[in-house]
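Think of it as A, B and C in the order they're written, each chain with its own count starting at 1.
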Amino acid sequence: MVGRTPLQRLLGNIGLYGAVFLYVAFALLPIYWTVKISVTPENLLYSEGIRLWPSRVTFANYASVLKATDFPRFFLNSLIVSLSTALIVTVVASLAGYALSRFRFRGKAWVSLVLLLTQTFPLVMVIPPIFRIMSQLGLTDNLYGLIVIYTAFNIAFATFLMQSFFDGVPKDLEEAAMIDGCTRVMALRRIILPLTLPGMGATVAFVFTAAWSELLFALMLINSDDQKTFSVGLLTFIGKFAVDWGQMMAASVMALIPVCIFFMFLQRYLVTGLTAGAVKG
Amino acid sequence: MASVTLRNVSKVFGPVNVLSGIDLTIEDGEFVVLVGPSGCGKSTLLRTIAGLEEATGGEIRIGDRKVNDVAPRDRDIAMVFQSYALYPHMDVANNMGFSLALRKEKPETIGKRINEVSGKLGLGALLARLPKQLSGGQRQRVAMGRAIVRDPKVFLFDEPLSNLDAKLRAQMRTEIKALHQSLKTTSIYVTHDQIEAMTMANRIVVMHDGLVQQVGPPLELYDYPANIFVAGFIGSPTMNFIEGMVTLKDGAGVRLADGTIIGITAGLHVTEGQVVTIGMRPEHLHLADAGIAGEVMVVEPLGMNTQITLTVMGDRLTLMAMDRPKIAPCDPVKLAIESSNVHVFNKLTGQRIG
Amino acid sequence: MTLVAEIPHDVARRGRFAVVLEPWTYLSPALVIIATVLVVPLVIGISYSLRKFSAFRSEYVGLGQYRTMLGDEVLHGALFNTLWWTAGSLFFQFFLGLGLALLLNRPFHGRKLVQGLVFLPWAVPTFLTGLTWTWLFNPVIGPLPHVFYAIGLQAEPVTILADPATAMWGPIIANVWFGIPFFAITLLAARKSIPAELYEAAAIDGASAWQQFTKVTLPFLAPTIAITVMLRTVWIATFADLIFVMTAGGPAGSTNTIATYIYVSAFRALDKGYASAVAVLLLVLLIIYALIVIQIRRTLMKDS
């Protein structure tokens, strides 16, 4: 902007980059620490606890996690659950979000309100009843039960996201398509959805991360080792005997990788997509 | 190609009557312009004909077929939107061919048709481009091309030129009119710009507050407006309106507030002393030695004519002189007008008396 | 301009009934799932709150559980902690998130990369966050106690999680770390949708940067702020994972919030009835809160 002296500009830049640095450092510190611990050899763990980087780096932790534990199984389970949940939720939320974006109808405000209020349900409160129902349905101790529950809990926010994304696509386009010969469903499929693909990707990423990190339900509903998600598996690392922190952190790092990559790429679409829909909710 | 008939069409949005009792017959091959100020219902009417809105009451026919319950895709119509509504992820060729692809036409047929139409509109070089790579005028042409490719019974235009600059708009007006002359498809065109209406229409439909004010060829609306609204809407600069009382003593005339008497056509359905509003087009007023007294406010020389704004009895009057009179602001002048050029309206109802 | 179609239109001789039904068809999968998986258990859960559970049976006690709640000291402590936990987390998350959003709105070198990095905390599973921060606070293996000691915040480098007076700050800080991206993303998106001309006009009118912020940015962001704050508050209030992993509600119940208390009651003490009653309390509080915020937001939207 015109009107700032070179000194002001310099100070402004220092302030800007300084703040940016602080935010990034703060954001990365725990992740960095996790990585650091994961490559620290066991005998140096406590003695070199507060060093920024261990004097000797080892990948033994990663090796043992991959070979000697059930961790790969846990990882796979989490992947199955999170991916399934993300995909199902995105499809369902797209339909719902589309309806809320395009149609005016009686009861619309109520629907939005109900969706919003489902977010207020304390998970813990619904756990006992859900457990009872699930066990009667035979859905405990397997991944399907988790998928069902995670889906239900994520639909509201995902719908909110998708509604925003749809709001960013002009209604003209569907009308033009419907005049050109499409039914509404065809217009949705051929014209609107390709344009909201980034938004859908962002929603998938968001739900994936939410499902990936869920702990309580997984803890409650899963008992057999081969059905555990990695979040539960990690916790049982602690439960067993002497905690092997190095291994735990190695496992965590590996668990972090897909989510972080996923999220890092797709958060950009979250921002641009939400902007287009002007996050009016 | 087909006619479009509207019988007692109405549309209600909650408590608001957006359209009331619309009766209209658009002949096969006609170019009809729906014109009126914002909110008059013209866009709603167009969208109702398209099937994008559902009529609350009345009947809509395309050709002989009643289409009230028919989906837009089955009405065999094409529409050009104000925002063009081009599919952003498809190139120009695919945009234009979309409707044919939906009908599962053969690719060769589609290709041939696209080439034909793009040739007519000068879009040949742009076929592989995406909409975001086109200028406003080019997008507008693609939108029209998309409509033409379909060879529909009716073309619908929803203020297609509003987003273009003045020069481009004038150019496109001529092009659209030429296209209509060559294609002869029934066309319904919505605009708020009365110049577009005047230059392009076979007939104009003036709308206000959801009602049809008048229907007729442009010149008929210009010379014989049915009410004050139409009189004030059609024609630029706008018609001048003054109130007065009818006096029939020395021949038919209207006495203005300052005592001046304006002669009007004889034999009109008026009574002595009746309060009326008279309308005078700027080009019919001329500077004279006797007549309405006023003071020059602003003189705007337009080259081929001169627009003069005057204050008369506290109001403003506009005069369009075909020459360049030597007057300046604050000059006192007198205006006269032929009695046959004076429009007389009932003050209360706004309806034309003569 | 195109009006919002009151009813969608590919009517095709299906009649008005089918037309009115159309939006509901799109909504049905979502509504069915929510009804069966959330609403039904919720109702059952509420019914549990009217019963007392022990080893193998349950008996109906009407409002007995609720009466017990009134006298429950631990619950009162938990209520207080919940307030502390929620308000503290929210305050810092929100303002830091807002600051980050405004920062990311300015162009600077490497902004894309920075944006990707600072949003990472949201992707980290929450219990992992809890674990790692526990580590960071531990003087033997983490740097933070030493930093706190060095800058004078602590008399000696110990973990803040062991002291009832400071324990709550542990989860709060971890929660803030986790929650900043949420606000940063949503507020950044909302900020970007404010037309530039408004700022230009304000600048020409003589507004300083602060005035532009208060007169242009804040009013436009207000509806978004209302909804994100509300959502996040609710999520935080019901959030037990983080606290559970870091302190399990201790030491001495100083980090026990309603959410962790419910968990403990339900699964340690095995009295599902009591846990449900407490949960109902939480639910009612949150619903009231949500409705208030929605009302505020509606008034804000009317004014804008």
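Everything that follows uses one rule, which is that a residue touches a chain if its C-beta (ideal position, glycine included) is under 8 Å from a C-beta of that chain, and two chains touch if they have at least 3 such contacts.
What you are looking at is a predicted structure, and each value in this text was computed from that prediction instead of being measured.
Of all chains, the one whose mean C-alpha position sits at the greatest distance from that of chain A is B.
Set against one another, A-C and A-B show the most C-beta pairs in contact at A-C. Between the Cα centres of chain A and chain B there is a gap of 55 Å. Between chain A and chain C, the centres computed from C-alpha atoms are 15 Å apart.
Annotation for chain A: residues touching 2 or more other chains are 172, 175, 178, 183.
Multi-chain contact residues of chain B (touching two or more other chains) are listed as 51-52, 71-73, 81.
In chain C, the residues that touch at least two other chains are 2, 5-7, 9-10, 12.
Residue ranges of chain A in contact with chain B, taken from their complex: 170, 172-173, 175-183, 186, 191, 194-195. The residues of chain A lying in touch with chain C in their complex are 1, 16-17, 19-20, 23-24, 26-31, 33-34, 37, 45-46, 49-50, 52, 91-93, 95-96, 98-100, 102-105, 108, 111, 113-130, 132-133, 148-149, 151-153, 155-157, 159, 171-172, 175, 178, 183-184, 209, 212-213, 215-216, 220, 231, 234-235, 245, 248, 252, 255-256, 259-260, 262-265, 267-268, 270-276, 278-281.
Put simply, chain B touches chain A in their complex at residues 50-52, 71-73, 77-79, 81, 83, 85-89, 98-99, 102-103, 146, 150.
Those residues of chain C that touch chain A in the complex are listed here as 2, 4-10, 12, 20, 22-24, 26-27, 29-31, 33-34, 36-42, 44-45, 48, 96, 99-100, 103, 106, 108, 112, 114-129, 131-133, 135-136, 138-143, 146, 177, 180-181, 185-186, 188-190, 192-193, 203, 223-224, 227, 231, 234-235, 238, 240-241, 245, 258-259, 262-263, 266-267, 272, 275-276, 279-280, 282-283, 286-287, 290, 294, 297, 301.
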